[in-house]
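Heads up, the next two complexes both have subunit A, just with different partners, subunit B and then subunit C.
Right, the complex of A and B next:
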C-alpha cells in the first residue's frame, strides 16, 4: 500500500479525500484496510470520493450473495457473511448521518470486462477523467494499487 | 496540479489487459488534460528497456491477437508531453543498465528522486 503526498499549497480547510483502489472483494487484506480507512475518514469528518479501478469495481456489485458455511455449522442467516456491497451501503448511510459526501465511481471499462454492471444505488460509472477531477478537487489522494 | 505516477511493478495483468493499467490510466488522464509525470522504479524499469511486443497468449484454440505493446504505449505517453523517468540503480540491479533506454525515457539516479518528488504536487505510488 502506498500513499500520496500533498504539498502545502492545498487548503487545510478542505476536508475532501480521494481514494483510488484496485483490489477485488475477498482476495486481499488491502480491501479490508481500504474500507477501514474510508470509515475512519468519515469518522474524522472528511468527505470521501472513491475511484474504483480494475478488480475494485466488483466491490459494489449488487448480485453479491451471502452463503451459509457447513464447516462452521451455520446457515446463511447465522453466518451473516460479509459482503463489500453492504460495507459500501453502510458507509453511504454513515456519510448521510454525518452530513458528509460519499461518492463512488467505477471505471466503466473495468466494469464491462468483468460483467459487474449491476451496482448498488449511489455508485456510478465513469473513467480516468473522473479520477483526475476527484484528485484535483481533493485535499489529498490515496492510491492503493493491487499486488 | 502535477502528479507523479510511480510504477514499481512490471507486467502486472499485462496479458489480460493488453497494456499496463497504470500507463493506460496515465494516458487517459493526460487526454483529459492532466499534468502528469511517470517514474519507472523497481521491476517497473523493465519497461524502459523493452523492445519487443509481449508474446501473444494461446490457450487451446484461443489465440490472442492484440498482446500488450508497452513500447508503443510508453512512446505515446512521451509524445503526449508526459516526462518518463527510470531509476538508474534499479536498472543496474537487474542487469539492464547496458541496454539503451527507450526513446524519450530519461534515467534518474536515486539521489535525484527527492528533487523529482518535490516537483510534483502529489505522488501516486501504484
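Right, the complex of A and C next:
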C-alpha cells in the first residue's frame, strides 16, 4: 500500500491521536468541526493520523477549485472560497513547524468509487487495515460518524 | 470510575435520536462515571435558557458537565448570558484534552 509518512518529524514523546472521518467537503458543518479538532490536536502537541473514508476522501482532492459568486458580484478572488485541500496543507505545515506527525490516508476503495485519485502531497492511499493500524497504535481514537 | 466525553452535535429539535443519546449520558453518570458533554454545532441549541428540552435539562440535574462550544454559539449569535445555569462555555480543546487524558470520547 502506498501511504504517506512523516516519521522523521514525529515527536517520540508526543501522543498520537487518530481520527476517522467520512463527510465530503462543502456538505456539512461536521467538516469544519473536524478540522478544528485536528488543528487543536496539533496545538496541544499531539501527533495526528487521519483515516478518511467515504466522502471524506475528497477532502484532499488536488483538483478542487475556488469560484466566484456572480449573484453577489464577486470574482474568485473576492469570494475567497475556502478549499479543504488548503486546510490540510496548512495543517501539514503546522505539524512540520512543531515537529509533529501528521498523516492522512484515504480509503482506496472509496477513492476508486469517486474517482478522486489525485490528492495533494503528503496524503496517501490505503485501506481498512490502515484504519485498524492507526487505531491500534494510537493513544486515543475518535470516529466521527456522518450523522 | 471511567471518564466519558460526548461530542454532542445533535439536538432533540432536529434529531429524534438525540434524546436517547442524552439518556445514555445520564445513565453513565448515574452509574457513577464522570461524564462530560461538549455541545457543538446545533447541539448548543438546547442549552439556551428558555429552550424546552426535558432530556437535556435532566443531564444538568444529574451532574453531567456540559460545555457549549464558543465557536458554535457565536455562529448562532447566542451569548453566554443566554445559556442555562450550569452550562459552561468552552472550546473543542476540551475534546482534545479528554483524548489526551485517555478518556472515552464519543461523537454524537
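Things to note:
Quick note on the criterion: the second predicted complex is superposed on the first by the 133 of 147 C-alpha atoms of A that agree within 3 Å, B and C clash if a C-alpha of one lies under 4 Å from a C-alpha of the other, contacts with A are read in each partner's own complex, and residues count from 1 in each chain.
Just so we're on the same page, contacts are C-beta pairs under 8 Å (C-beta built on N, C-alpha and C of every residue); 3 or more make two chains touch, one makes a residue touch a chain.
Note that the coordinates shown come from a computational prediction; the quantities given were computed from them, not determined experimentally.
When the two complexes are overlaid on their common chain A, residue A:53 makes contact with subunit B while staying clear of subunit C.
By the document's definition of touching, both partners, subunit B and subunit C, reach A:140. In the overlay built on the shared chain, the residue A:17 is in contact with subunit C alone; subunit B does not reach it.
Using the contact criterion defined above for the overlaid structures, shared-chain residue A:117 touches neither subunit B nor subunit C, since it reaches no partner.
When the two structures are aligned on the shared chain, A:127 is found in touch with subunit B, with no touch to subunit C. More residues of subunit A are in touch with B than with the other of subunit B and subunit C. Of the two partner chains placed by superposition, only subunit C is touched by A:37; subunit B is not. Across the superposed pair, subunit B and subunit C both touch subunit A at residues 140, 143, 145, 147.
Partner subunit A is touched in their complex by these residues of subunit B: 1, 3, 6, 9, 12-13, 21-22, 25, 28-29, 32-34, 117, 121-126.
Residues of subunit A that touch subunit B in their complex: 2-7, 9-10, 20, 22, 53-54, 127-129, 131-132, 135-136, 140-141, 143, 145-147.
Of all residues in subunit A, those touching subunit C in their complex are 15, 17, 29-30, 33, 36-37, 40-41, 44, 46, 139-140, 142-145, 147. Those residues of subunit C whose C-beta lies close enough to touch subunit A in the complex are 7, 9-10, 15, 40-42, 71, 91-93, 95-97, 99-100, 102-103, 105-107.
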